[in-house]
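Across the two complexes that follow, chain A remains constant while its partner is chain B and subsequently chain C.
What follows is the complex of A and B.
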């Protein structure tokens, strides 16, 4: 009887007994297969002739089918520039928007963790009303958008000057933080058409700038969300000590706070980069030919004759390769960054 | 460099944490702000540093009004309780930081870092990171970083509280020697009265945001101004017995003791230090009747805890004290060695 028990209960606290251990590893193996098999399949499919892609499935090169480089040749040589341009667009748009989002987002998170803001409710409502007025002016009365924006800003400043002192109620850091994070809760698809109209009005459709602005805006909340906890965990003592020694706020931020928040910065950067790199919906709306990104190119392989799996596989491989490599290089930072936000010692 | 605090107060909204503290620290003096947690001593220190704003009052360093001056322009250096060492910099870089910020010449900075490191015996550790150092070593790095600027004033916020007892004793001596050698005006915050007594030229005792007494350690020990100061200073603490005072005699349920205070007080508190208590036969005139509660051997002496009515009295006795627990004894003290306080206000009666 105790032999049977020994299979289910372990002797030491940190160890697993034989049967639970077996079940654990079996589940892990199963999960690994579920995750890794699609990658293997994509790799293998990129070397198949169209006829080999049809049912029944063929798994092993040289055994089930003869590998061929025709898909690779087509993508890199025949299409050439048509592959290279979307790839370059993806690189530019993803890296620039990540850089901007992390820079602005971490500064916002740092400010929210250190400074007490008290935005007046009256000012906020006034701002929103004037913005709405400007939009109505542009859409209904055909006012030039630049004029509308300038007039709205001037009116806002005058309003503040005249009535600022009567605004009593104010919000706090927690409200600002929640407002920023709530932006991400909104599904981008809801805002897709308004964003399209907005960029069309300012003539920025199918440009890198439109995508960079959109991605930065959409991913900024994630950076603020992640980095706020990191900055809040850095002891104020360090900054006060640097302050006493004569360092300016900027110097403290760049020289002391950022190096200590490095794991968080890297984790946030990678997360935002992946989101921007894979983004499909907004890129579909905002770009047609010149600013097309790689996800669009992959989806475009779904031609009228049916999905061209072999071409798609090649594109998928070159699309995920940089991200996989980057993740492997930065692996230790990600684990540290996502699991613990504390600075010890 | 002198530091003058002129009726400084600090309030956070409706909560006042410091009430009208006035203090004048002489050049080269070691001033200790002493008090229990929450008494406002750290707030006072941070106001001198400029890390907190002053609600009312003025602060002057060397005659210059610095109340509204930024911390970096006050010519002060501070050692924090947590040392505040930059974890991503080596010891040498940590020490050099104040000079690097002020854009000194590289060679000059390196020389000064090595000099200061030698002063605090950190030479072999210059290339290490803070996480590779022990508590005492980290504290010395914090000190070195404060010394290197040759500031007008040193501020220290409980720098020894994170060290173990033995190291604390060693570092106390080091700090005292260093302050004497450098002659820099130092303001030191602590809740440990032993540190205050051993390090200070003068001590300012604070309680609940109000200054209680500002005097030399000896005066505070031998001539406390009120009940709080009397009970806070001294280890083991002063004994207190409740009773009444009339015609130069302190009267309580356990007996009568002659005192030098002539006033009348219906409710008074008698204070005697454990080392001033004398044992007599129980019931003897001019003594208090007590029962032995416990005997602890300290080493070179023993500490006797006795019960008088509902109150405990500690008495220092010779190490081979041979009476039993539960025995009755008498406790007396010379009239000049007793202290009397008004039970209601806590003020000293003279």
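What follows is the complex of A and C.
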């Protein structure tokens, strides 16, 4: 009995006994295969002729089948601009929306971690009521939307002036933070139709701008969630001494706080970038031809002739490649950056 | 006194920092939410040269709950099978236990009781729905299917992610290699994953076709069976989202203090004991947060069932988001918004319950 226990017990601390060590490596290798095999299959399929996709499955290029570049040729040469345009669209939309989301989100997160806000409950309810009224006016009574928005905003400001001081109950920073995060619960499909209608009204459908604005909004809560704890954990002495030296808040934010929060910024940017880069549903609603993004092109390979696996594989690979490179470069930041947000989130 | 623009700009800093975020969220979240609410209570019709919205009250919801779309949303009811009773009994026991322990704790408040009552009712209702539609002759609706995706998917992802994180935190070589490899699935677009799994799961041409023939399943088509189709969807979902849980839990495990683990291991505690008494309490808050994030995201599942099975066979793999999307494609905007609103209500109740009654106690216990 004791001999068997000796096999399993650790000898030196942190050093595994041989059998657990073997099991450990075996399991890790198994999961690596589970993760890598689908990706390997995609890579191999991209070099296959249509006849090679049939039964029996062919695994190894040069041995099982003769690899061909026909799919790559089709995607890069035959489709040419029809590939590069969605790719460029995706690049523009994903990077600009990530930049905006990280900038706006970290500003809000920083402000929430430093400044105490006290939005009045009454004014919030009033604002939502007026907004609802404006929507009903536009949709139901066919009022021009510009007029409705202006009237609603002016009315809101006037009412705030007149009755603002009677409102006592107010919310705190915690409530604002929760409100921002809770936006993530909103399923995109709830927002998709109204956003579609909205962009249609202002004539921005099928443009980069529409996608950029939408992705920025959708990903903003994640940035706020991740960055809030980062900023809260940064000691304030530096900022206070900078303030005494007469630096403005913007100066302090850009010059002192952002550099200190670099790991968090990188992790949040990467996560948001991946989400925006891969997004499908909203793109489907908001873009048809000009602003089409690359996930839509992947889905479009499911033609009437059945899915064109070889073309699809090429597209999937050129979609993953840049993100993989980025992740490998930035990998040490990811865990640290995500963790701080999650610990206290 | 005349203020220059930059002075004004500086004085307004406090507001200007948060204003962009609030404005953009108001415009693109609150505003769509209100419009969606409006759509959900109206009927959308295309007319000559435009469209018309007619107010019809709660008819869209009525159709989903007791009308012609009931089979689609709630499912087709059938006698409760034995595993339905089992599930029901387990859920009732669990709920009763947690309610009783809350009341006996002596710290119960009216708001706490009301909140817990809502949670209990919601979970009970979902359980009853699941039990009455899962049996032979019944048909799961998109609500039950979504709940199954969330419950089974997130459980599998969490357990796999936790297991991998535990393995990776051991004293092993190639740790950063495993870390990068395990992170890969997160980078693939969900649509791409869906097609990849369609290739892999192809029983006649896929990489495992030989294997299927060998065990005599070559002619079986998973896409024509409700449960095998759902299984493939959940496998794809698990493949994609395990990395997310893995990477965060790994960071949490590596962040814990080594002394406690060392002390426990010197005392002769087994791996399991160390995990249960030392590691788990330490990482529980992070774990609960990551589960909440996953649950929130999992309720929105759409790409995988859409591409893998197009919701079929029949409606067997249709999630709520896909249901709503299919309605939208059929220009039934009101019905689409109504489904979306039901999804919003269910996921909000579940997420808020989880946040209040699972996450908060875990966090406060640690402090």
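Going forward, the second predicted complex is superposed on the first by the 335 of 345 C-alpha atoms of A that agree within 3 Å, B and C clash if a C-alpha of one lies under 4 Å from a C-alpha of the other, contacts with A are read in each partner's own complex, and residues count from 1 in each chain.
By definition in this document, a residue touches a chain if its C-beta (ideal position, glycine included) is under 8 Å from a C-beta of that chain, and two chains touch if they have at least 3 such contacts.
This one's a predicted model, so the numbers in the text were calculated from it and none came from an experiment.
Residue by residue along chain A, chain B and chain C are tallied for touches, and C comes out ahead.
Once the two complexes are overlaid on the shared chain, A:247 sits against chain B while remaining clear of chain C.
Judged by the touch definition given at the top, the superposed model places A:174 against neither chain B nor chain C. With both structures placed on the common chain, the touch criterion links A:306 to neither chain B nor chain C. When both complexes are overlaid on chain A, the residue A:38 reaches chain C alone and has no touch with chain B. Contacts of A:112 after superposition on the shared chain: chain C is touched, whereas chain B is not.
In the superposition on chain A, A:203 makes contact with neither chain B nor chain C.
Within the superposed three-chain model, A:259 lies in touch with chain B and out of touch with chain C [touch as defined at top].
Under the contact criterion defined above, the residues of chain A that touch both chain B in one complex and chain C in the other are 343, 345. The residues of chain C lying in touch with chain A in their complex are 10, 13-14, 17-18, 20-22, 24-25, 27-36, 38-39, 53, 55, 160, 163-164, 167-168, 170-172, 176, 178-193, 195-200, 204-210, 239, 247-248, 250-252, 254-255, 262, 265-266, 271, 285-286, 289-290, 293, 296-297, 299-300, 302-303, 307, 320-321, 324-325, 328, 333, 336-337, 340-341, 343-344, 347-348, 351.
Residues 10, 13-16, 20-21, 24-25, 27-28, 31-32, 34-39, 41-42, 45, 53-57, 59, 104-105, 107-108, 110-112, 115, 117, 128, 131-132, 135-136, 139-140, 176, 180, 182-195, 197-198, 213-214, 216-217, 220-221, 224, 248-250, 253, 274, 277-278, 280-281, 294-295, 298-299, 301-302, 307, 309, 312, 315-316, 319-320, 323-324, 327-328, 331, 334-336, 338-339, 342-343, 345 of chain A are the ones touching chain C in the complex. Across the interface of their complex, chain B is touched by residues 235, 237-238, 240-247, 251, 256, 259-260, 343-345 of chain A. By the touch rule above, chain B contacts chain A in their complex via residues 49-51, 71-72, 76-78, 80, 82, 84, 86-88, 97-98, 101-102, 130-131, 145, 149.
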